[in-house]
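Please go over the structures that come below.
Two complexes are shown next, each including chain A; its partner changes from chain B in the first to chain C in the second.
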Partner chain A sequence: MSLIEEIDYGTPKSLSEKMITLTIDGNEVTVPEGTSIMRASMEAGVKVPKLCATDMVDAFGSCRLCLIEIEGRNGTPASCTTPAMEGLVVHTQTQRLKNIRKGVMELYISDHPLDCLTCAANGDCELQDMAGAVGLRDVRYGYEGDNHVFAKAHDVANDRWMPKDESNPYFTYDPAKCIVCSRCVRACEEVQGTFALTIEGRGFSSRVSPGMHENFVDSECVSCGACVQACPTATLTEKSVIEIGQPEHSKVTTCAYCGVGCSFKAEMRGEELVRMVPWKDGKANRGHSCVKGRFAYGYSTHKDRILNPMIREKISDPWREVTWEEAYKHVANEFRRIQYQYGRNSIGGITSSRCTNEETYLVQKLVRAGFGNNNVDTCARVCHSPTGYGLRTTFGTSAGTQDFDSVEHTDVVMIIGANPTDGHPVFASRLKKRLRKGAKLIVVDPRRIDLVRSPHVEAAQHLPLRPGTNVAVVTSMAHVIVTEGLFNEKFIRERCDWDEFQDWAAFVSSPEHSPEAIEQLSGVNPQELREAARLFATGGNGAIYYGLGVTEHSQGSTTVMAIANLAMATGNIGRKGVGVNPLRGQNNVQGSCDMGSFPHELPGYRHISDESTRDIFDKLWGVKLQDEPGLRIPNMLDAAVDGTFKGIYIQGEDILQSDPDTKHVAAGLAAMECVVVHDLFLNETANYAHVFLPGSTFLEKDGTFTNAERRINRVRKVMSPLNGYADWEVTQNLANAMGLGWSYSHPSEIMDEVALTTPSFAGVTYDLLDKEGSVQWPCNEKAPLGTPIMHIDGFARGKGKFIRTEYVATDERTGPRFPLLLTTGRILSQYNVGAQTRRTQNVVWHEEDRLEIHAHDAEQRGIRDGDWVKITSRAGETTLRALITDRVSPGVVYTTFHHPTTQANVITTDFSDWATNCPEYKVTAVQVGASNGPSDWQIEYDEQARQSRRIAPVLDAAE
Partner chain B sequence: MQSASTDIASRAIGIIDQLKGKEGPLLPILHELQDEFGYVPPETLPLIAQALNISRAEVHGVFTFYHDYRDHPAGRHVLKLCRAEACQSMGGDALADRARQLLGIDWHGTTADGAVTLEPVYCLGLCACAPAAMLDDEVIGRLDAEQLEEIAAEVRL
Partner chain C sequence: MDSESHKSTATKLVYMANQIAAFFHTQPKDEAVAGVADHINHFWEPRMREQFFAILEQEDNGFDPLVVEAAKHIRKPGPVPA
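The block that comes next holds the complex of A and B.
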């Protein structure tokens, strides 16, 4: 094992198709036109010394080290800013160049500390490398002159010296080591798109400044780590490297946070993770990262992790640590007892969108083959189940149509109910890059998200609709497109059913769907809606990206279909730069759906009632599968309250915190006789569990995650599981305790079984993934290397299907008692219910959930910024502190759900999507009022949680 | 009565709104703010960032790049002495020392009575008439010690 070294070509790749040939140090090299001489040299294997150039950002030409000579031209141009041209003869190493470079290095080093041996970057410092490369032997200028290095000179304070900024929890900024190459500033601008850094001053006074000479943590910095990665010295250094030292080996793996699925190099020292560095060849992230994936992995070794299995008779008892064997035996006996007593369908399982495909596959296999029923569901139920339903109905596949690279070819981006800069930050950076190059943006969201207006990005249209009116607004956009004749008739005639289109067109054309008619209910200015529709239909390649603000509604599936209609009507399907793109919330929510986690679907979205599909599994597994769909999560809980559902195996999901109507979930769990929670931590659901099986992190196992672009990415084990077993091993052992006789020795064998049984995965093997890095399903004979863009020549279902999308107002309505609409979302630094991120230093940025409320509504209620407020709905009440803002419109309030003490889901209702039961998290009618502190429920809940987390001390035999 | 900071903010916003439609509006806005307040109040930088939809860092970077923008008020007069090569070769060093002595302040300093601020400048483009200086908006060529004393006395009137 060794450190994976990535070649830095110095300047970005040229996309030109015209090739040119030049000679560099006697080597002929052919490169695309527009390639820099520096990059061409590197491709020919000639390393030109450089400091300010790196291939993640454009050439800058400031360090004067990469100079070259070109035959027939005067001077010594910088190779990074000089484009390669046909027939050039370039020399990179002449006496003249050597002298210049040595002189430049002398100047750099005369203002740089000579503490290499004790420096954190020792061994990973480009300044050190370049000093070696140019043969620097002494510095004629000495070190006594003006400098930024020493705090004092001759006992007098040095005004130029600045102390180290250690305010960011993950990295330090030491201005004394800065060579002012601007790589960090450019990375922040070009890669991340935040523009949080600048160079202040000029000449010798120039220094890197976060914000307006602020600390990093107080500046606009979002801690994505791009600057740290770009820094050639120890100026910006991960604190983990300072503490541990340089890594010695690394493996490429996949981030376990959001659905972007970024590839990282896990850089290790022994079994200790030193740092996560985004991998440039990662096809989802292209070398970029966010604060979560880059830095927030500390939860994996957090002291709260439970490492031994535990059992208890009653949930009021303290936990008792047991051996794995005892735990498996206990669960197997209990599940069999319950089935004997209450019937075969009285138990079930929940798969995890955070675990690997292989682990998910095994859990659903355990349920179907071991429990003998189809009572398996997954957390996608509460997020993207409407995506599956809606896109399958209209296009024929339950997934997004594009890869993330596609955004580079988009002209008009429409974002509906998603907040990419917080929820999917790496995609947001790629999107912002495209927007800065001129693409137009339409945002449909009740809240003024950052993308509506932030440095260098401004939405052409923001439609701040009232929560719950997505269908009305999207249908109204279709109304404009159809009635103004902006639809793409050729595309529709070729690719869709013309009669169905006409029926749909007649439906959307009716005056009740006009922007003017729906203004009353949606609150959207009709003129702006018209402009947005026209822009989307006529602005070139139009792509729609959407999130949970679309799906988590009583009409979630309808909105997904309305979006699909819009894409088809404008011909925006089946090529680069267009498409319908759900932004998946969790790392493997796409994969968990693909793997047959839904009660009605076997892997590959094949309905359980289909005999030929069942037959494949019957034969392979040696069982007879039930042909009826099993229970969904809410049905399981209802059945539990009714007394017919008694046992559940929950892998890696905290349904108590994440599912709606907390009190109902708690009642359902409390009514069960054997709740098995398989997780890293004693999560909120575990308060109601009888058995706790310790889980493993993504760093501790092999497997695959499938991201929002259907990309199957490898997860590689870099350390031994602290709890002893990867999750797939635990599920297998449990299955074997129930007599199933499984014998997988590696997750690759599970993937082989998936490939064998599932046509869309037929070509997927670990060998292929190792070779290609990743592939996007479908991957089979027709597409041996996967499918980046779907529906290119025709829809998966044949003809694209237009569906009428009638707006039906949710039953959740405001009235005199509950006059405000609450909608929920997330924040950059935290992830989902926060089980992981709350156990990292990310809490620096978000220590509590706040209620965003418009000043108008706040004033009416006498609420000041920071006050404790009580928020009440028909379902319950909770308290949190108010944040007064104009990001939300009057009448709308907003909060995040990252902290269990807030329990935002105590107030969400049990209304759900008509087709898929996806809960209506995004609309709850509420009242907000002043409060003195936590509600009775919160106090009771805290006490119950504290009680239920007790672990009995292990007694010595002698006692 | 409005507090001083709201007053600065509202005057600044007026200036920013008036100029933000220009092509490359950042420098004109900074100039105008300096003309209005005698310096660019630091609290106006985020307002500029907000109005131009750029980051605070970017405004700070530009603001600090130019020596002529001030972050605090100067004296009633500003005396700039050229410190560049041509003027140095014509006795500029001695004049500079004399100026500091006469005014009792160092570079960038302002006399205690607020009368004058002394600034070094690197070339006023008057090399042919070195050593050169600039008092407020007026350039002075072939400066000598006597003239300097006159200026020092005049600015304190």
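The block that comes next holds the complex of A and C.
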């Protein structure tokens, strides 16, 4: 094991296909046109000294260290800003260059502390390296002159000195060590796109400044870490490095937060994680990160983690710690007893979209082969199940069509019901980069998300529709495209069923779908809707990105189909820069769906009624699978309340907090006789559990995650599981306690079984993943290295299918009692139910969920900013503090759902998508009023949660 | 129970079936009946279909006529294997 060192080429790669050849220090080197001489040199193996250049950002030419000489040209140009040209003869080391470089370094060092031995960057400092590289032996100027280094000179305060800024929980800014190379400022602009940093002052007074000379934590900084990564000195340093020291080995692994699936180097010292650094070769993130993946891993060693299995008879009892064997035996006995007493279909399981593909595969295998039924579901039920249904119906595959690189070729981006800068931040940075280069943006969202207008990004159109009217708006866009003749007839005739298109075109063309007609429903200005439709149809490569604002509606599946229709009608499928791209919520929600987590589907999206598919598994597993679909999560809970569903194994999901209509979920769980929760923490669901099996984090196991691009990325174990076992081992031991006789010794063997049984994964092996870094499924004989873009020569289902998408209003309606519409979303620093991020210092950015309400609605109700308010729906009520804003329109309120005390799902209802039962989280009719504090339910719930988390003290055997 | 959203499973099943019908009502006529039946066959667990048929026998069961028409194409669940 060693530290993975990535080569810094100094300037970004040129994408030109024209190659040129030049000579550098006698070596001939051929590079794409537009490559800098610095980069060309590095490719030839010649390291030109540099400080202000790094290949994540454009050349800047400020440090004057990378100078070179070119035969036939005057002077000493900077190699970072000078493009390589055919036939140049370059010298990187001459007496003249040596003298200049040494002089430059003397100046730098004359204003830099000489505390190398005790400096956090010791061993990882480019300034130190360059001093060595140029042979600096002496600083003629001394250290007494004007400087930024010392707080005092001769007992007089030094005005130039600034104290260390330690306000950010994860990194420090020490202005005394800054060489003003601007790498951090440029990384914030070019890589992250936040523009939070600048250089204040001029000349010798220049310093890096967050915002207007603010502290980092008070500035616009989003703590993505790009500046820290770019800093060549100890000016910006991870606090973990300051505390622990430099790492000694590292492994490439995959982030366990959102569906972007960023690759990171986990840099270690022994089994201690020193820091997570985004990996430049990661194909999803290309060397970038966000605050969650980069810094928020502290939950993995948090004191709340439960490390021993626990059992209790009744949920009102305190927990009792037991051995693993006792826990497995207890679960096996209980599940078998329940099945004997209530029938084979009276138990089930839930797979986790946070666990690996291999772990998910095992849980569904345990249910199908061990429990002998198909009662398995996953949290995709409550997020992207409509994507699966809608894209399968129209295109033939339940997944997005592109890779993230595709956005670099997009001309018009349409974002519907997604908030990438908060939910999928690294993709948002890549998108903003493209937008700054001139791509146009259309945002369809009830709320004014950051992308509508943020530094150097402004949406061409924002359609602030009323929650619940997606189908009407997207169908109306199709109306404009068809009636104005903007559709791509050639594409449709070649790729789609022409008769179906004509049926659909006639449907959307009817006047009731015109923007003018739907304005009453959606509240969207018809002219703006027309402009948006025209722009999407005629603006070049058009790509649609969407999120849970599309799926979590009673017409979620219909909206997905409407989006697919739009992409087909405009010919935006099957090449770079276009496509339909669901932004998946959790790290492995794509994978958990791929692995057969849905009750009606075996791995690879093959219906359980298909005999030939069942046959493959029957033979391999030595069982006879039931040919009927099993229960989905909401159906399980209904059946539990009805008394026909009595036991459940839940791996890594907190249904009590994350599923809608909390009271109904609680009633379902309370009606069961054996609830087994397998998780890191005593989550909310565990309040109703009889058995708790401790889980492991992504740092503690091997496996794979599949991100929103269908990319299968390796997860690599960097430390031993604190609880003793990776989750796949726990599931295997449980299966064996039930007599299944499994003997997987490594997750790679589980992936081999997936490949053996599932055509779209046929070519996937750990060897291939180690070699290629990652692959996108389908990966098989036809596509041995995977499939970055789907439906290139035709749709997976043959012909693309146009489907009529009629708007059907949800039954969740506003009225006199509930006049406002509540919609929900995420914030950057927190993740989902917050079980992980609430246990990190990310809470400094978001301590509580707030209710966003328009000033008009607030005034009517006498609510001031920060007041406690009660929010009531047909399902229940809760309280939280108000935040007055004009981001939401009058009539719409918004909150996040990261904190269990908020209990946002007490108010969400049981309405759901017609096709998949995906809950309608995004529309709840509510009333808001002033309040004195927590509701009775919140107090009662808190007390119940506190009681149910008691762990009995272990009795000393000697007594 | 204590609030409007806590409906019985039977009420929910009728609602879900009618929601499916509402979608297929908007599809071409010849596909609607098969569409509803296929959807329920594909996604409803046997005990849900069992309840479905029990509700169907009641008068004023609340089903959309399209659901009733599709019912004859919906598979009757067999016995659960022991």
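Here is the rule we use: the second predicted complex is superposed on the first by the 959 of 959 C-alpha atoms of A that agree within 3 Å, B and C clash if a C-alpha of one lies under 4 Å from a C-alpha of the other, contacts with A are read in each partner's own complex, and residues count from 1 in each chain.
FYI, a residue touches a chain if its C-beta (ideal position, glycine included) is under 8 Å from a C-beta of that chain, and two chains touch if they have at least 3 such contacts.
If you're wondering where the values come from, they're calculated on a predicted model, not measured in any experiment.
K.L.:
On the superposed three-chain arrangement, identify whether chain B or chain C touches more chain A residues.
P.N.:
After superposition, C is the partner touching more of chain A.
K.L.:
Scan A:G630 for contacts with chain B and chain C and give back first, second, both or neither.
P.N.:
second
K.L.:
Taking the superposition as given, does A:K870 touch the first partner, chain B, the second, chain C, both, or neither?
P.N.:
The answer is neither, since A:K870 touches no partner chain.
K.L.:
Mind working out whether A:H513 is in touch with chain B, chain C, both or neither, as first, second, both or neither?
P.N.:
After superposing on A, A:H513 lies clear of both chain B and chain C.
K.L.:
By the touch definition above, which chain A residues appear in both interfaces, chain B in one complex and chain C in the other?
P.N.:
No residue of chain A touches both chain B and chain C.
K.L.:
Help me check something: in the complex, which residues belonging to chain A touch chain B?
P.N.:
194-202, 209-213, 219-220, 453-458
K.L.:
Considering the complex alone, what residue numbers of chain B touch chain A?
P.N.:
Contacts found on chain B: 42, 45-46, 49, 53-61, 64-67.
K.L.:
Under the stated contact criterion, what part of chain C meets chain A in this complex?
P.N.:
Spelled out, the residues of chain C in touch with chain A are 2-7, 9, 12, 16, 19-20, 22-23, 25-28, 39, 41-48, 77, 80-82.
K.L.:
Which residues, counting only chain A, touch chain C once they are in their complex?
P.N.:
Against chain C, chain A makes touches at 343-345, 372, 374-375, 503, 554, 558, 599-600, 607, 609, 624, 626, 628-632, 635, 638-639, 641-642, 644, 661, 663-664, 667, 803-806, 808, 874-876, 909-910, 912, 914-917.
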